[in-house]
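Look for subunit A in each of the two complexes below; its partner is subunit B in the first and subunit C in the second.
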Partner chain A sequence: MTRSLFVQAIVFGVLTGGVYALMASGLSLYFGVMRIVQIAHPAFLFLGAYLTYSLHNALGWDPLLTLPITVPAFFLIGVAVQRLLLARLRDENRAMMSVLLTFSIAVVVEGTLSAIYTGSYRSINLDYASKSFELFGARVPYDRLIGLAVAGLTLLALFSILKYTRYGRALRATMQHRDAARLVGVDTERVTAVGFGIGLATAAVGGAVLSIITTFFPSGHWEWIAKLMAIIVVGGLGSVGGAALAALVLGVTEAVVQVWLSPVWAGMVFYLFLFLTLIFRPQGFFGGRLAQRF
Partner chain B sequence: MPSASERPRWQAVARARRWNYAGIVALVAVLCAAPVMVTASYYRYAGVLLVMYMVLATSWNLVGGFTGYVSLGHVAFFGFGAYCTGILADETQGSVILALAATFGITTVGAALIGVVALRVRGASFVIVTIALVYMGSLLAQGMRSVTGGSSGLDIAPLFTVSGRASRHAAYIVTFAVLLGIVMALWNFLDGTKFGMGLKAVREDEDRARSLGVDTTAFKVAAFALSAAFVSLAGGLYATWTGFIDPIFVFSVQISAQIVLMTLLGGMRSLWGPVLGAAVIVPSSEFFLVNLPRMHLVTMGVLLGAVVLLMPDGIIPSLRAANSRRRPPAASIREDGGSVAAGDPDSAGEPALIANGATP
Partner chain C sequence: MPFAPRLTTDRRRLRRWAIGTGVLIGALPVAGLTAATTVPDDAGEPIRIGVSLPLTGDFSEPGEGIQQGYDLWAADVNAAGGILGRPVELIYRDDASDVNKVVSDYEQLISVEDVDFVFGPFSSRLVIPASEVAEDEQMVFLEPAGAAPEVFERGLEFLFYAAPAVADEHYDYLADYLTALPEGERPETVAVASMDDPFAQGTAYGLRDQLAEAGIEVVADEVYPPGTTDYSNIAAKIADTDADVFVGGTQFEDAVGLLRAFEELGYRPPYMAFSTGPTLPEFTEAVGDARNGILSPVGWSQEATFESNPEFVASFQETFDTDPHEDAANGYTVGQVLNQAVEAVGCADSSEECQTSVRDFIRDNEFVTVVGPLSFDEAGRPEQAHMIQQWIDGEVEIVLPAGSDVQTAELITRD
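Take a look at the complex of A and B:
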């Protein structure tokens, strides 16, 4: 592998890893507030991508301008899914049952998408999407750069909410110790619902980014589930920052392996990291000790 | 300390277990005889699928039902079994049989190794790992083109040299029915052994089981390997039945989900649950596939969601609970602790491990 190819791979890896970080952040939130794994998250990413596609085609809007519509809509869907479905699960076997329930949601979303849009590939053609510029001898495509920028801004907003707002404090308290949070007067039920809504709202942003940078088809979300799951386990379940870092590391490794070996091994990177993490550090690299138990 | 009033329950459980063997023999006999009455090729084809899913769901229940570990990755072993058989076998019938036997052995060892790693984590993380297994399998199957034929699939020799599609289906109904009998008998046998008790203790409270001296890791790994081996055998048989391996189909998570749905619907903790669930799901799934192909996925998703939300214990335990409510309480009022356990026939005679509900 030549040096320029290596640099190109690193640049591409960072660009993709940032997008992975955005897509995995929602999963960390769900796990944090409810201790559940939300299998349907990538399905909602694809729903977001298709909505963006439809709005773009019908009204001619730029994909990013559709966000003021899709983000609030997804927030409400998230609150509804949490209140009406997930909150009804019994406590004793919630971890397993939530997986099955969100799996069924994913299947319903996929089925609806393929009934409406058929199974064929879709993409949004933008005039800036195919252009690129040079940086240290590496090609940087504009669409990927925009994706990274959107991902970075969204993550920054998410961190600010978690860190500096009153609601964010309540959310973090709920994540750390539900009962204790309730004792000091946090309405944990509401916080959980809103946390779920925010998680799904990130899927709307992720979907818009997805629609800019790649082609999509209804059953494509399955591939993303395994990737994103690997990221949040490596990062440590429930840690938003850990997931972001793991996303960058895995994104870069994937890109380098893709150039160096083959796309097959690039895909295997995620699972190898997943298994190595489980063998040597089951709680992930940034998660607390409790992550191991779930 | 088994009190005098509990002993008849013990005996009743043991008697029920013996009757189960008679039930298994009867079920296998009925399934084997079914092709005589059903001659249409399509119905026989659906019959093979039905019995195959019964095998898959019962095998899944060897680990899922006993230990409570929900695996969405069993289709990885199904696909592995199909490929392993397809790669090892050549044209002759003898080689196919040898390949099936080898597949069973290889999967037992391989799944035990995977289990050692995968079963280190519980709950949601375990499910994630099992999903990852499916994608690793599918990536490898499509990537190692020289061995597996890549995305264009792999042809495989037939197990039975019978002429005509309908009679071939009949042969496979019988084969899968015999396999079903073996797996069900094994489940029923394990249910009464110390091994089975240990696995159920893992389900109720893993940490406490461990502190009571159950080698939880070894028990879980053994159950996982056994379960995976039978699934891979079914996968190998499936491949010889269709004569062709489609890498997308044999590694699709939806099959895993269907298996879990069947078991959950019938009842995870009972021998007959997975079989009953398959008997409901396979025909309805085929019905929707034929009549409403566009809505097939949606209906399956809604069904799974409804079962998880409304009937997580499944049909059989729900019926049992309804039945035992009508019966007079088994223990006298004075034996307060005993009457609680006696109300639920599933927990009678098992180690009294009650989850303390304290979430960390």
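Take a look at the complex of A and C:
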């Protein structure tokens, strides 16, 4: 492996890791507020990509300009899905049943996309999509850099909401101890619904980024769920910051293994990290004491 | 009055008994007569053909394409009076692109539905397990999309691939062209990246091996799993070699992912060949101008003037209101071969006798199809060749074989 190829792999790894971070942040949030596994998250990412595609084609807007429409829409869908479906699961078997329920939601989303858009591959080809500039002897594509920037800004916004707003405090209190939060007057039902809405809203942003950097088809979302689940476990379930860090580490490791060994081995990186985490540090490497406590 | 209903009932019972006995007695000699003569008792009954296709899942797009070809063929045959005077009926199962489901589908179609014939699914990955079922049941297995070398290396006797050439021969014309170039123009290095898929690898390795044999150095040879979501690092590794020829053993996503990443990396070798992806209508939307100069093998062309092809194109356009594609043409071809074989042999049922005679006829004869005249070797491999297409100025041109009727432009190098 030449030095320039190594640098290139690191650059691509960071760019990809940033996108992974954005996509995994919602998953981590769902688990944090509800202790549920949201299998349908990547399906919603793809729904987001398709909506972006439709708006882009119908109105000629840049994919990122569609966010003011798709983000609120996804927030509302998220609140509705939580209130109407997930909130009805019983506490004692919620984690298990949520897998079944969200799996079926994923199938419904996929089926709807197939019915409307057919099974064809869709993609958005922008003027800047295939352009790039040079940095330390590596090529940095604009579309991927934009993806990373959007991911960074979204995560920053999410982090600020959780850390500095009154709602964020209520949300964190709900995540840490639901009953105690209720005792001090937090409307935990509402906070949970809004938290779920925010999680799904990140899928709208992730979908827009996805639509810029890759082609998509209705059943493509199954390729993502395993990677994203591995990321949030390594990062520490319920920790948005931990998920972001884990995403970067895994993204870069995947890229280096891809050029150093082979793409076949690169697919194992996620599972290897998952196993190591479960064996040595089941609460996750980068934060979140949640998994241990609950 | 209270007795009236009862009387009627009794009388009815009597009559029914009498009729029943009469029919039974009368039927005996008739049944003996039918067995003794060769008048087919199923005249007018539809010929039922069982198909399992990947209508959902990874292969749903080509699966539906094949289905359009099968449906159109059945409609055209039925409009022309059927086969042996019998209409054709297709019975579909959706295997969801799943290798286990495809096996149970064919087992069910053959043993429960008792179909007269079966047609194959899409892609080598599904054709390989499905064809084993048909072989066990001694059913002719004509298939539209199982071109990988492994398909023909299992000693099957009932399998036939109804397209012009098997995977590792798809690039034969391009290999001949590149190796025949004069010193100086001739490429010196080749890089290969292929999906871990028997068909995709078959195409790419066919070209790789022919180039390597001619002394062109293989400087990169990558394999990636299906379902890879990011191709930039694979592309970076290829671009790092700066090979003169790139060969992609691709489906669609990976062709687009690799080509986009090559553009971003500024890697533009003189010759770039991708399987499948560039022949699909979505390719332009996905890669824009980057498609110029891209080479692909293609088994069927809308412009080709082979007997029955112009009629197929017109019929497809009228039925589906859009231009036909290679998958539909391959499905249609399967139907055409069966049609001609059954008409010649004169039987259409699932008996071993009939299936064997249809099989022998297919193996020994040449068929008129939309992809050109078709014949098969002992293992069911087709014996013809694929054309090579190239995107030139936003149009698909047939560039090889040079000097043939189908050629529409000269092969160009990329910038």
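Definition applied: the second predicted complex is superposed on the first by the 287 of 294 C-alpha atoms of A that agree within 3 Å, B and C clash if a C-alpha of one lies under 4 Å from a C-alpha of the other, contacts with A are read in each partner's own complex, and residues count from 1 in each chain.
Basically, a residue touches a chain if its C-beta (ideal position, glycine included) is under 8 Å from a C-beta of that chain, and two chains touch if they have at least 3 such contacts.
If you're wondering where the values come from, they're calculated on a predicted model, not measured in any experiment.
S.K.: After the match on subunit A, would you call subunit B and subunit C a fit or a clash?
M.R.: Overlaying the two structures gives a clash between subunit B and subunit C.
S.K.: A:Ser114 in the overlay: touching subunit B, subunit C, both, or neither? Say first, second, both or neither.
M.R.: After superposing on A, A:Ser114 lies in contact with both subunit B and subunit C.
S.K.: A:Ser54 in the overlay: touching subunit B, subunit C, both, or neither? Say first, second, both or neither.
M.R.: In the superposed model, A:Ser54 contacts neither subunit B nor subunit C.
S.K.: May I ask you to decide whether A:Arg122 touches subunit B, subunit C, both, or neither, giving the answer as first, second, both or neither?
M.R.: second
S.K.: Which of the two partners, first being subunit B and second being subunit C, lies in contact with A:Glu92: first, second, both, or neither?
M.R.: Only subunit B; A:Glu92 stays clear of subunit C.
S.K.: Return first, second, both or neither, reflecting whether A:Val233 touches subunit B, subunit C, both chains, or no partner chain.
M.R.: A:Val233 contacts subunit B only, not subunit C.
S.K.: Tell me the contact category for A:Trp224 with respect to subunit B and subunit C: first, second, both or neither.
M.R.: second
S.K.: Let me test your reading of the model: by the given contact rule, A:Phe103 touches which partner, first (subunit B), second (subunit C), both or neither?
M.R.: Touch partner of A:Phe103: subunit B, not subunit C.
S.K.: Between subunit B and subunit C, which makes contact with more of the residues in subunit A?
M.R.: B
S.K.: Considering only the stretches 185-193, 239-247, 329-337 or 347-355 of subunit B, report the one that runs into subunit C.
M.R.: Only 239-247 shows clashing C-alpha atoms.
S.K.: Which residues would you name on subunit A as touching subunit B in one complex and subunit C in the other?
M.R.: 114, 222-223, 262-264, 267.
S.K.: Would you tell me which residues of subunit C are touching subunit A in their complex?
M.R.: Touching subunit A: residues 56-58, 60-61, 63-64, 196, 222-225, 227-230, 232-234, 236-237, 240, 252-253, 256-257, 260-261, 263-266, 280, 282, 285-288, 290 of subunit C.
S.K.: If you look only at subunit A, which of its residues touch subunit C in the complex?
M.R.: Against subunit C, the touching part of subunit A is residues 2, 4-5, 8-9, 12-13, 15-16, 114, 118-123, 125, 129-132, 139, 141, 143-144, 214-215, 217-220, 222-224, 227, 254-255, 258-259, 262-264, 266-267.
S.K.: Would you tell me which residues of subunit B are touching subunit A in their complex?
M.R.: Contact set of subunit B toward subunit A: 68, 70, 72, 117-118, 120-125, 127-129, 131-132, 134-136, 139-140, 142-144, 253-254, 257, 260, 264, 294-305, 308-309, 312, 355, 357, 359-360.
S.K.: In the complex of these two chains, what residues of subunit A are touching subunit B?
M.R.: 31, 35-37, 39, 85, 88-93, 95-101, 103-108, 110-112, 114-115, 222-223, 225-226, 229-230, 233, 237, 262-265, 267-268, 270-271, 274-275, 278-279, 282, 290-294
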